[in-house]
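Each of the next two complexes has chain A plus one more chain, namely chain B in the first and chain C in the second.
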Partner chain A sequence: MRRWLNVVRVAWAPLLLTSVAWAMERFPPPDFETAYRLPKTQVPLPRTLLQEYLDVALLALALSLAAYLVYKRRSRRELTLLSVFSVAYFGFWRKGCVCAIGSLQNVSLALADRAYHVPLTVVAFFALPLVFALFFGRTFCAAVCPHGALQDLVLVRPVKVPAWLERALSLLAHVYLGAAVLFAATGSAFVICRYDPFVGFFRLSGSYGMLATGAGLLLLAAFVGRPYCRFLCPYGVLLRMLSWISKWRVVIYKYRCTLCGICPEACPYGAVLEPTPPAGAAGSRQPRLALLGAQVVALMAVFGWVGSRVAVPLSASHPTVSLAERVYLEDAGKVKGTTDASANFRNSGQSSKELLDQAGVIAHQFASGGWLWGAWIGLALGGMLFAQSLPRERAEYEAERGACVACARCFEPCPGSRKAAADTETERPGPAAL
Partner chain B sequence: MAKPTDATNRREFLGASLRGACLLGVGGLTGLTVARGKADDLVWQLDPQKCIQCDNCATHCVLEESAVKCVNSYEMCGYCDLCTGYFEPEPNALDTGAENQLCPTGAIIRTFVEDPYFSYDIDEPLCVGCGKCVKGCAQFGNGSLYLQVRHDRCLNCNECSIARACPTQAFRRVPASKAYLLKGREAQGA
Partner chain C sequence: MNEKPAQRSAGAPNDPTTAARLRAVVTTAWVAGVFSAFVCGALVWNSFGMLAANPVDAQSIGALKTHLAKRPNEEKLKRQIRAKDLQLRQAFFRRQRLASAGGYLLLAGIVVMLAAMKSAGALLKRRIRPKRRGKDSLRERSPGRPALLGMGAVLGLAAVAVILPGRLSFLEAVAEKDPSGKDSVPTEAEVRQQWPQFRGPFGLGVAGSAELPVSWDVNSGQGVLWKTEVPLPGNNSPVVWGDNVFLTGATDKAREVFCVDAKSGAVRWHTPVNEVAQRPAKPREVMEDAGYAPATCATDGRRVYVTFPNADVACFDLDGKQVWARGFGWPNNSYGHASSLAINENLLFVLIDQGTADDHASKLYALDTATGSTAWEKPRPVGSSWATPVLVPIKDKPQLVTIADPWVIAYDPKTGEELWKAECLSGDIVPSPTLAAGRLVATEPYNRAVALKTDGHGDVSKSAVAWEGDEGIPDIASPVGNDLFLFAVATEGWVVCYDAVQGKKLWEKELELTVHASPIIVGDKLLIVSNEGTVVVLGVGGEPKEIARMELGEKANATPAVVDGRLYLRGVKHLFCLGTK
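After this line comes the complex of A and B, so read on.
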């Protein structure tokens, strides 16, 4: 009786009409004569919001601590301890989700799709490291990001990567960033999460491919410092660009540069720039800025066109598009049978035309997004060539702001960091004399 | 004419203005997303209305043992003796013999309540989320058995692997404060 009253009660709540449909039971639930009472469905709750806020607070704390350890303490040992904490907490404890790298997809999706409400904690994970990068460089990469920290911890015997290869490979990260934004903004996929190499370790489970890629990358990371950060990380691209204009930067020496040449050897990430020959040396030529600028624009146009062509087939990653393709092939009689998805679609009563129209809209989004994606890659390539052509004078060894992940490895070996050594080294010409 | 200090000042000024612009940019981006954001966290849940029990929940979760499990909406349950969610089609006998059970892991506990009713409870640690019982219950019963993401197990991946594999797009992000899409009266949060 109580049940029927309940059905009547919900019947006039239009939003809950569906529960009326559910309530039409084939076998009416019994009225028990014994003392049996209906149990309630157990609903274990997810992590509370408080825990999420704690994560953000810890992120801010770890970022500040990393900046302090790099700039004030200049201590590699303490930074290593912070790395261990980050791998343990942001990695293994929180299982790696959500991370700053992945959060850029949530932000892209939120900007493109009004229906998606990004959680504020995710926005904080996205924005905090960027703001810190504007002031302190890549301190997030140094010891806060669990991916970076993990690779940093396994580095045993660094091998130098030739500068040309380093630059070429770092373009991959730009391509990846563009792809991640494109796929996320169209609501197709979160590719950064899908192809994340290390999150399988943090969860202690994952598909074979994911774990194998991660293991391979970690093995590589033992010899080539931080391969993911340098050549793939899409978030690292943003941090790199903001670090170029950061307020403070990593200065290798504490007192003065003695030009001893130790720091390039100490840096496993190829981020130390050597001093240039003095200005006015033979062979230096004024670059043609207009020509270089035109080259950037041309590259953007060419890559943009290529991007728009490449992106359309990629739209099949969107579930609606792949379903539309399947339905189209079935309708045309090119494939036999149905998949779960297409069978479900046919039961839904939606017409094939509607579905194809929806897929067409998404494919169109990919085409226009592909222009931007390609133009972005062209800009990255052109910008790199532009920067390469500009002569920059350096009197001392300098950490390249964008590439330096502030790992603090160069501080201790630097003789210029020890006051006595920096003072007594008078027989060698200091930077001022050059 | 330009003294070195001027050059330094110019560079510093340029740096500072660029930094300010970027700070504004990051701030604007954040502000825009915050305006469209919610204080509540988002978690994954599957809509039992859209679920077709394809078995992907059991196999596609990043956890070795899926975070999706079966739940029974007791108020919808018919407490049938011949439960089509519990028994194989045409079972030898209506008893708890393994050969009669639909569940591959024996995760449904059948208990006698009173004549002729039996209660069916899910032994969650055993349930793998394959949905065989859900299919049986939906076909011939009241549809009281259904699948739900259990949030004590779900890692809340940024991109849910099951959502990706779900053929009917039954998975969606829901606010953490309403983390379940329950069937029956409980659907109203009662």
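After this line comes the complex of A and C, so read on.
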């Protein structure tokens, strides 16, 4: 294997050197009058395919290990060690790329644009955590995602976020998901990558704005558990939805629930649901499902229309639209001078009308995509309102399927996990496969 | 439900060993925290230093380079720049290495601090107390609904904040006016009924209507519908569409576009036209005879388009609001740029012939009338000219024809593709071409008129010439023709009539006037305006016949316009509307 790797490296080198030599020939250096010698151009070697496959294998291994640690070992300490590994490898070593969160943009673009080919390794990064979520819930968030793991590691003194605020802020993640898909599918920008608050730390460099934002989020994460995961992460929305229907779910106690009320306090993420009175108890009311359903549809329609109007100005993020706007303003005499982009365009010989036509097509795509984006937000909002109105019967404390990140903080304090607290010695059945 | 379950231990550790460990980790956390804060501060300070030491943008070196641009041969300055550049680069990369090392130190500090804090937290073993449950109803324990609705409202407000500035409204301006998504364009029939550009429909000098007033008296007012003073001078001709008459006026200090009500003569609006093109260091001279507003504007009934000797082109809507403006740079033109604008459907044609053919500086532009953006542009192998392009509707496929020294070139108006060209002219080409008996007639001042066939392809220099004439050839006024006759009026006042088919001179007549304005055909009448302000009406036929001769009461240089039986004449001071209705 090592020999094969070396062969690959050796095979790459002459190709790179040839390309560099060709570039130097195409742009020959000037004749320096002094004894100055032009330094040789250095090009970083690309990552080999084998290394990319290794990353995928490590991801699968980490996901499997996380599931094992959550469901079988139920060990917070071991999950913490896995988190440290994830931050070190997927974060600092791989510099946060490829990551599952950003990969959803690659997949979106590939679905929208047939000319774009997404590597299989990126598809794997996108799909593997989702597949695991279908079976084991958000084990990706538990200790594998470097963003979540980093926030989890800096959590020092958790402060409870009021439930109403938690609900309201969680809508932002849905907005972000829709925006990320819209911008990626139209070929405008990968906004998740551009505005990733933590990648600057993983790369130990970045713009001042993003470093400051990341530092602020980490400082917040020291007290408010995982703010990015809970309120912003677009990939988390997908994990949340799949976790609702996962085959297995995190169970707080090992033997039985003693209804002591400790687990909601132990959970720093507000992901523990309290027991509820039975249906028909005093103070409960049967929801009007038809009205709630109509509410969802109405919200989708309203937000869909708003989304279509908002999306057109946002299409200026697309380089073609931005260039067309600049050329238009120059032609109309509303701005003076040219930019590098507009000057290059005018030298290209392409007609302004063609450019404006292209910009119009892209703006139309944004308008159509904006309808979907807005309808998605309406659906999310309507769905949350719908869920708020539905009575749920719970006889014991439960980890909320979508919100629980399987961090295992609730396991140790739970008296129901200690054998002496159980009336019987019967363990609650876990994932049979493990 | 249990409220106070038993826990392993609570509060600060009682065990001295554990207490000592706790003190150690807390101290470690503090030291690491202070260290991290110090390193962070150093990195911030270092980053400011990197900004100042950036060899690309540093102001100090920028100022030196500006000096070098003015004194390119100063060796001492070059050495100074190189030394400064080397100094900046060394400082920059030194700081960059410092930033890299600092990043690792900061990471290490933060890791140690966090590990110590976690250890301290583990040692303290915070006691978790269950919260007393007091709320049993679903509504009380589901407080999120108002908050969700509030968040929805916040998102709505954010959306309004994005929509309101109207960013990208240019896409709407480009996109639609009718359901097909394209700006509506006038039909050929509409164009023929108006006077949309220099010399009327398609620039050919033939009016769409056959009515022409042939009698008026400016002193008594008989036959004068109105007379309006034009505040700024100009030799450009009025253009008319519906109830609007447009013209421009300019001095070296000011230039404006005017809209006059065609029925009452009242000035509806007049708007200054700001300069777009940057003035050259050495101002170009403008010929006194040409003036500062020699070129005639154009209109399609939706907007009016104007141009001036510096080749600025601007567009105004029917309310006088500027829609767009373009500058093409002051042309290098010995008599001053004076070609008028031509228009067809949604394209405005701007002819900028300048310098000599060897300069390769001449171009023909087609601009989108709605936005001013360039639909196409074609370089031209010609020198300066002062003629205006004409649109020749030949065989249902119009041709945009231009003439200059030495080429007559016909283009597809939609794409700019060259259809045919003939090398047959020389000298200062001022008169615009015309159409007579289906042939394109181009004049070489004082020398000859050439009638060219228009059905060729490519270079038809040797095959396209149908006939040539050399009598009464004008130097300024453009000829005009119909299916039978071609009329040319020389500056000295000689009118010559040719057989448009065979090119044979039929008659000539001396008017004893000086004529710069181009004659026009209205029905069976030929209208000529002299510089003295005398208007002569001749019959269009094989024999010379003077029908009428009237006085305008002031000098005139502009070509007249005729729409719906009304004659619009621009004198040096007034705009006249003559007719009976």
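One rule holds for everything that comes next: the second predicted complex is superposed on the first by the 376 of 434 C-alpha atoms of A that agree within 3 Å, B and C clash if a C-alpha of one lies under 4 Å from a C-alpha of the other, contacts with A are read in each partner's own complex, and residues count from 1 in each chain.
Please note the rule applied: contacts are C-beta pairs under 8 Å (C-beta built on N, C-alpha and C of every residue); 3 or more make two chains touch, one makes a residue touch a chain.
Computed from a prediction, not measured in an experiment: that's the story for all the values here.
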item: First, second, both or neither for A:L291, with chain B first and chain C second; value: neither
item: Chain B versus chain C as contact partner of A:P39, first or second or both or neither; value: first
item: Partner chain(s) touched by A:S315 [first = chain B, second = chain C, both, neither]; value: second
item: Contacts of A:V123 with chain B and chain C, given as first, second, both or neither; value: first
item: Which superposed partner A:S205 touches (first chain B, second chain C, both, neither); value: both
item: Which of chain B and chain C A:L50 touches, first, second, both or neither; value: neither
item: Intersection of the chain A residues that touch chain B with those that touch chain C; value: 205
item: Contact footprint of chain A on chain B as seen in their complex; value: 15-16, 18-19, 22-23, 26, 29-30, 32-34, 36-43, 49, 52, 54, 62-64, 71-80, 113-114, 117, 119, 121, 140-143, 150-152, 154-159, 164, 167-169, 173, 176, 179-180, 182-188
item: Parts of chain C lying in touch with chain A, wherever the complex brings them together; value: 1-3, 5-7, 47, 99-100, 103-104, 107, 114, 117-118, 121, 128-131, 133, 136-152, 155-156, 159, 162-163, 165, 167-168, 170-171, 174-175, 274, 276, 314, 322-327, 368, 371-376
item: Complex interface listing, chain A residues touching chain B; value: 3, 6, 10, 13, 16, 18-19, 22-23, 25-30, 32-34, 36, 38-49, 52, 95, 97-99, 102-103, 105-107, 110-111, 114, 116-123, 126-127, 130-131, 134, 189-190, 193-194, 199-200, 203, 205-207, 242, 245-247, 319, 339-341, 344
item: Residue ranges of chain A in contact with chain C within the complex; value: 153-154, 156, 162-169, 171-172, 175, 201, 204-205, 208, 258-262, 264-266, 274, 276-277, 281-285, 299, 303, 306-307, 309-310, 312-316, 321, 324-325, 327-329, 331-333, 351-353, 355-356, 359-360, 363, 377, 381, 384-385, 388-389, 391, 413, 415
